[in-house]
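Handing you a structure now.
All chains are identified by letter, namely A, B, C, D and E, in their written order; residue positions are counted from 1 within each chain.
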Amino acid sequence: MTITTARAGEPPPARRPIDDAPSRVDKVFRRVTTGGGITVLVLLVVIGFFLTLQSAPALRYAGFGFFSTVEFNTTADSPVFGVLGMLTGTITVALIAVFIAVPISVLAALFITDYAGTRLRGLLTGLVDLLAAIPSLLYGLWGFSFLAPQVEPVTAWLSRNFSWIPLFATKENATLTQSMFVAGLVVSLMVLPITTSIIREVFAQTPPGEKEAALALGGTRWGMVRSVVLPFGRGGIVGGAMLGLGRALGETIAVSLLLPQLPSIVTHVLESGGATISGFIAHNAGISGLGLNAMMAAGLVLFLFTLATNFSASIIISRSRSGAGVDA
Amino acid sequence: MSDTTEMSTVDAVDGIDYLDAEYADGPAASTREVRLIGGPPVGAATLESRDVGAWFGDRLVLDAVSLLMPAREVTALIGPSGCGKSTFLRILNRMHELVPTASLAGEVLLDGQDIYADGTRAQQVRLRVGMVFQKPNPFPAMSIKDNVLAGLKLAGLKCDDKDALVEQSLERAGLWREVRDRLNAPGGALSGGQQQRLCIARSLAVRPNVLLMDEPCSALDPTSTRRVEQTIAEIGHEVTVVIVTHNMQQAQRVSDHCAFFLAAENEPGRVIEHGPTEKIFAEPDDPRTYDYVNGRFG
Amino acid sequence: MSDTTEMSTVDAVDGIDYLDAEYADGPAASTREVRLIGGPPVGAATLESRDVGAWFGDRLVLDAVSLLMPAREVTALIGPSGCGKSTFLRILNRMHELVPTASLAGEVLLDGQDIYADGTRAQQVRLRVGMVFQKPNPFPAMSIKDNVLAGLKLAGLKCDDKDALVEQSLERAGLWREVRDRLNAPGGALSGGQQQRLCIARSLAVRPNVLLMDEPCSALDPTSTRRVEQTIAEIGHEVTVVIVTHNMQQAQRVSDHCAFFLAAENEPGRVIEHGPTEKIFAEPDDPRTYDYVNGRFG
Amino acid sequence: AVTSVFGFGSSYVGPAMDDWKGAAKTKGLPVDYTPTNSPDGIGRYGLRTADFGGTEAEVSSLEAAGVGGQPTRERGFQYVPDVAGATAVMYNVSDASGRHVDYLHLNAGTIGRIFSGDITRWSDPAITATNGGKPLPDQPIRLVVRSGNSGTTALFYDYIAHAAPGPYATFMQRSGMGKFLPDTRPINLEGAGIAGYNMQFLANSSQIAEFIGGQQWTIGYDEFAYAKLYGVQSVWVQNASGNWVQPYAENIAAALRGAHLRPDLSQELSGVYANGDPKTYPISAYSYVMAPCNPAPDRDTCRSGYTEQGKTETMSGFLDHIACQGQLNMAAIGFSPLPPNLSQEMMNSVSRLTGQPPKQLNAGNCANPTFHGGLGAGSSSPPDPFIALGGVDKLTKGGNGGESKKDTTGGPAASSSSQNAGVATASATGDNDEDLANGGSKDWRAAEPAAYDSGGFGGFGAWAALVLFVAIITPLVVRGIARRVSRR
Amino acid sequence: MATLLDKPVAPARRVPKAKRRTAVSTPEDRLVTLGCAASASLLTWFVLHLLLDSPGWLADLVVAYAIFLGMLYLVFRDRLGKLAAMDRLVTTIVFTGALGLLLPLLFLLVYIVVKGAPHLRLDFFVEDQSAVSPVDPSTEGGGLHAIIGTLEQTAMALLFVVPLGLLTAIFLNETRSRLRKPVRVFVDAMSGLPSIVAGLFVYAALIIPGAVRGSSFFNYSGFMACIALTVVMLPTVTRTVDVVLRLVPDGLREASLALGASRARTVWSVVLPTARTGVTTAIILGIARVVGETAPLLFTAAGSTLLNLNPFAGQQEALPLFVYRYVQTSVEAQRERGYVGALVLIIIIFVLFAVARIVGRNRTARKPRRTRTRESS
């Protein structure tokens, strides 16, 4: 038999264009599905467009000041309004929520993937999904009527004894319900399931080979987790946190129940006060005139802000997933 | 189930005759003529690759493979892992182009016609060149019967007697006797070896001219392997079979021809040697072939 | 713990002599004495299983396996797929219990002590009985050096000269020369065979008494396979090695003893025969063994 | 066919609307009303997302505040007075011995100065003067006000503007509303919050009532019906004739006899503040339904009625109900029924909506109690507790021990609780007892103000705990270290 | 005697010995843990209640937990060394983390059930709130109008979401368009879109312009709510269906294509049937998520106490709005109504979830269809 290595030294042959003549059904199929896919893009653009349209008068009135003004007062004789106070409130609540939620999520995810038995694992995975399906309204309701009063003595105690730590400082005689801290706490409960399920998913993709290797080398379970699971899941943790942040930023009902919704820059998080964009909007559903436009502008800011957060989150997560394929 | 009465008479495989009103003259169900409407020409076809090359992205993984796979014979492709056997096989029925980064060079002639010629529809090629995969993959949402008929439904063919086709195909895949009482059980409920034979039956139902098999037994236990090998030997007389295998014994047992692929490090895979199976195994021309078939590597 | 003196006489595999006066003038770093603090006793150990049985859920997959794996020798476990070789191997270093549904019976004696005795911690057992897996699994995010030292870190051991330990372990795994210039490259950047040897080095770094290997070469190319086999042959003089392999040639090449596992259909796996490798391959007592080693099935 | 009509707006009129729409439903008139706030009602009415609005604020005040009004004018509207009500001044204060005060008396000037941020502490002499001469604890006054826009705010601050013009002007100036038209009032106090006044903002009437009920040192304004609903104390306000009054129906009715209604029926209230009738509760006002109307010679704000006949039918039926039947319960829930002339005005409004001639009301065809010479059940005020003592400066007759205080304050508490239409004063007294029982307890709420000042660990106890903790932990640590050393 | 001994011992079918325990923790470990817990709680009581003012059970819990962890670590370190102690410590913390996730849920459920159940009457499902005044006892009236509203709005949203979501998911999985990546990123981003923005969007784009012109269609209505809910639900459903489709083994697609099927045919006949249960689950979970959405409804359906069967005109109530409105008031009876609504809402979500689980479980189980025999044909 001839050995077909004759071309070994030659340049490789020319590539052939592969031309498949798709059937008519396939052409229609492609068009229809592409149409479906594009709806989402269109929808987002349309949302952005209409919000911009409605907020234009307010933005024109306030100019750049809209982003640098804390107060939101459309009823003064020269209205002064801006999104800064609400935005900082939104971010504060979201950050508090994420700071509380992420450690717990990581622990819970670890428990589900690496500590629980198979049966419990299945059960918990389902439970986390169920938790994620519980409306934020109910969390808000619970936080508002049950948790906040329970937390109040603790914050009071904290502010009484640790007011020298800036974080825990409060004004004299301040009201301690309706604080950013309590809102953040409740929102953290809401983002918990989401972050947990994302982080769990990433943890669950940890190559079992590496986990076994760590154990086979005489590592404890913690050693295994620390040297394999956590480094592998780092991207997932960050991504989950970002996504949780996105959720927390947009959370409406709970914060509208829990915060007084007065835009200001809150430095004393234990004390009543503050607003978030979404909560403020929910509060002022019937506003009209310039106020409505200004509120729409605030909504637009929230829209863009969460989009940015979610974009980065999904990119981080997809990065971390593609990283998972490296060793495959 | 009213077909149990009739089932009792279908012992064709054991040589017992049975009557059939419409197809009265057929001695065995599997021999009844079932007409497919709208299908491709029936019968084995010769497959020939000319100077086939393949890339994934910019990496050339297969270079200048010219191979003749004669009609009604079993050609085995052997070689160490990663030398491009699967890639070559997938080029033969235009599955290669499903990988987004893949491209290729050369020609593949099916009964003299280039399957990559302009205007040729991949769908049509695949209808004529069937494929069985390494891991049995029956459609889990379908019953055994529907699995066999899936090809018809998917390719939009019609058939004048579906039950007969099912029986015939399963018979040819050597599965009829094992499943005839539970044709409506889901395809996923079979054992691995049965599933693989179901996949073979599914491929046979659309009457391909060529059947490609990519390590069809590597996921199976020894008994199932035996059974599938037997099936291959039987259908080898009717359609052209190209099989990839890692198992030298298997290649020896089932194939008429053999092609040895090898890829040196950082080089594309090439056909080192091909010829009748006995020759490749007994007195290969190339020392690398000798080493390989004698288990010196891999 | 100062029981590392035995280590000082570790032979250079290539027969090169060396000195080890205060690490200063040794020609090869691998020969320097490295003391591990807090580790288990060093040196090969005899492993013996007595009437070991294993279940997954309620399914018995392994029954009454009694096997002696003598110190400083290589024992190969062979048998068709699914007969419980991996399960048995994993029982030997208490990895079996990591599968949630798994349970077991019988005793495993490591130098005469039951590793499943009450109060014995799995972690300690695994420290003494290392394991190398089918698929090389270095920690991809760690550097080569950190990979080798990972075991120390994980087991909470200390070492008075880490660089020397790294060199020694890599040397024994036959990888030193290839990677000594890039110890800080990530472990994932090596080729498959190198990765596997890195895993071997990693296991050796914690000074196990026994090294278990589950098809360590099945994911590797021929060249790498050779290299790993060579490594096994070398370390086989120092630690007890138990290796699972599907490749009869490999078993013949590397092992001193051989045990043939077999599981009949719906029966748990059992040891059909065991003994010196030559005997198993040349004149086995059991006809099934004969069939298997001669490629009649599998 | 009848079609549902949906209203939004004033929370002031909310409890009355609840009563009316429930009854309307039984008559087959589907009406829905969502109490938010008056500007909201006007705004939604203008946007046509509401079929009618409920409001105390006028369109002009919205226009002045820059939150719309223009669309409302475009749609066209008429003010239809629907009920008379009053804004109560609610508070929650304890006296020096920690007991709830339930007798607070404030005159117009003091109220004006408190809500203009001029008086900021409960111990202020102006408050002391009208409350028995014994100062309340020196705590900051926390104003509880509505966040967002509110017609009640506009009404209340109209009173403040008349009661304390000077402080009010300063207040408006500081709050960034100084350039308001002379007769328009703030509908939104957030500017004041920003300016640093000690205010607690809350979203709606019920939150305000609840907040004041639960939080000491607070004072706020809210529709009286909510005070009744939530059992919160209301201030006794001094009227132009020098009498001390609370906003019961007879007081509201008396007050509004001084109201001046403009041709479009919108109200001008200075006459109310100055009303010399001894029963007058000065912070009283009419509430309005804002409904569409067909162009009529006497209304230049009318544009057109509903496009759907069904809505016209429902709305006219509803207004018809309010005018007579609907006024029956008003006194009981904290409002005051409309006088006959305004009931008739409602019918005139209906005629502007339907185009039919107005129905003429009389005692025979209208159930409104004012047609029958009364105001309905629950209309009369309980007596001023200080009358029995002989005047607002006669609270303490000497002695400053808990004994004598209990004695003196027990009187008003008992009398007001017995007559407060059975609402929750009783529970407030209950609170008192509990607080007394817990006097000086560890309950953080009751902790002396001094406790807030001590930073760091709470004194000796914490240090003791730390020492104890260290004592337990140290041996373990020492043993661990010792072992480690010996292992080397 | 001999015969008895001769009886075969059946070496082939030996009874295996008893299974051995390979538990990770010993009874001693558990005892120590228990001891630490007891001692930590005692210490906490001593410190917080005898020496200091305890600010409540929450603080007690935190302090006791911290002390417990410290003790646990020290004791285990003493017994088993640093590594094992650390492992133990982390195990405990991780376990607590899981509790931290689950306990709030438990509290929440118990709270709502305790608050809502005593006032739940069958009337709740047949009456509305139109003839109820706030001070009436909470058993007066019901939530029929809210339930109807929720049903209508969700069902209509489904009409949009199911086809669109499926198409998009198919687009993402089964085509090779260059737009796939941006679409996937956008879907991801959109699934985090604050739901209030969806409501605001409908308000800004449809209701304001429409209502001012006097349209009764483009005004507060169930249909507007449905559009907002669609915006909320679409990405969720798309994403989950996308995941489900991704789970369909590529082998099946290849098998289908290798049989000569077109792309469309492969999707229709192989991919979708295989993923059917997953898709159903995804849709049900989408419903569960959207049923509790409140924020977008504030701007679209706007709520009502009247029963409004017509989703195309007039304000409409929905359960979440019902709850939101009533729990904010301070009248006890109103609040109780809110809790009853919350209870019903949670029951609906649980039922949906259970259905999803049941559907999801029977992945392979399939009703056997009767064969068409040759005789009958």
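Throughout what follows, a residue touches a chain if its C-beta (ideal position, glycine included) is under 8 Å from a C-beta of that chain, and two chains touch if they have at least 3 such contacts.
This is a predicted model, so every value here is computed, not measured.
Considering every other chain in turn, the ones in contact with both chain C and chain D prove to be A, E.
The fewest steps needed to get from chain B to chain D, moving only between touching chains, is 2.
Set against the C-alpha centre of chain D, every other chain centre is closer than that of B.
Set against one another, A-C and D-E show the most C-beta pairs in contact at D-E. Comparing the centres of all chains, each the average of its CA atoms, the largest separation from chain A belongs to B. Rounded to a whole number, the gap between the C-alpha centres of chain B and chain C is 40 angstrom. A separation of 50 Å divides the Cα centre of chain A from that of chain B. In terms of their C-alpha centroids, the spacing between chain C and chain E amounts to 46 Å. Chain D has residues 47, 71, 203, 444, 458, 462 in contact with two or more other chains. Shown for chain A are the residues that touch two or more other chains, namely 22-23, 153, 156-157, 220, 223, 285, 292. Of all residues in chain C, those touching 2 or more other chains are 123, 155-156, listed in ascending order. Those residues of chain A whose C-beta lies close enough to touch chain D in the complex are 70-80, 153, 156-157, 160-164, 172-173, 175, 260-262, 264, 272, 283-292. Those residues of chain B that touch chain A in the shared complex are 51, 53, 55, 60, 63-66, 94, 97, 103-106, 116, 118-123, 267-268, 270-275, 285-286. Put simply, chain E touches chain D in their complex at residues 43, 46-48, 51-53, 55, 67, 70, 74-75, 77-78, 130-135, 207-208, 211-212, 214, 216, 219-220, 302-306, 308, 314-315, 328-331.
On chain E, the positions that touch chain A within their shared complex are 53, 55-59, 83-84, 86-87, 89-91, 93-98, 100-102, 104-105, 107-108, 111-112, 163-164, 166-168, 170-172, 174-175, 177, 179-180, 182-183, 185-198, 200-201, 204-205, 208, 231, 234-235, 238, 262-265, 267, 285, 288-289, 291-295, 298-299, 302, 320, 323-324, 327-328, 335, 338, 342, 345-346, 349-350, 352-353, 357. The touching residues of chain E, when paired with chain B in their complex, are 176, 249, 251-252, 254-262, 265-266, 269-270, 273-274, 276, 364, 366, 368-377.
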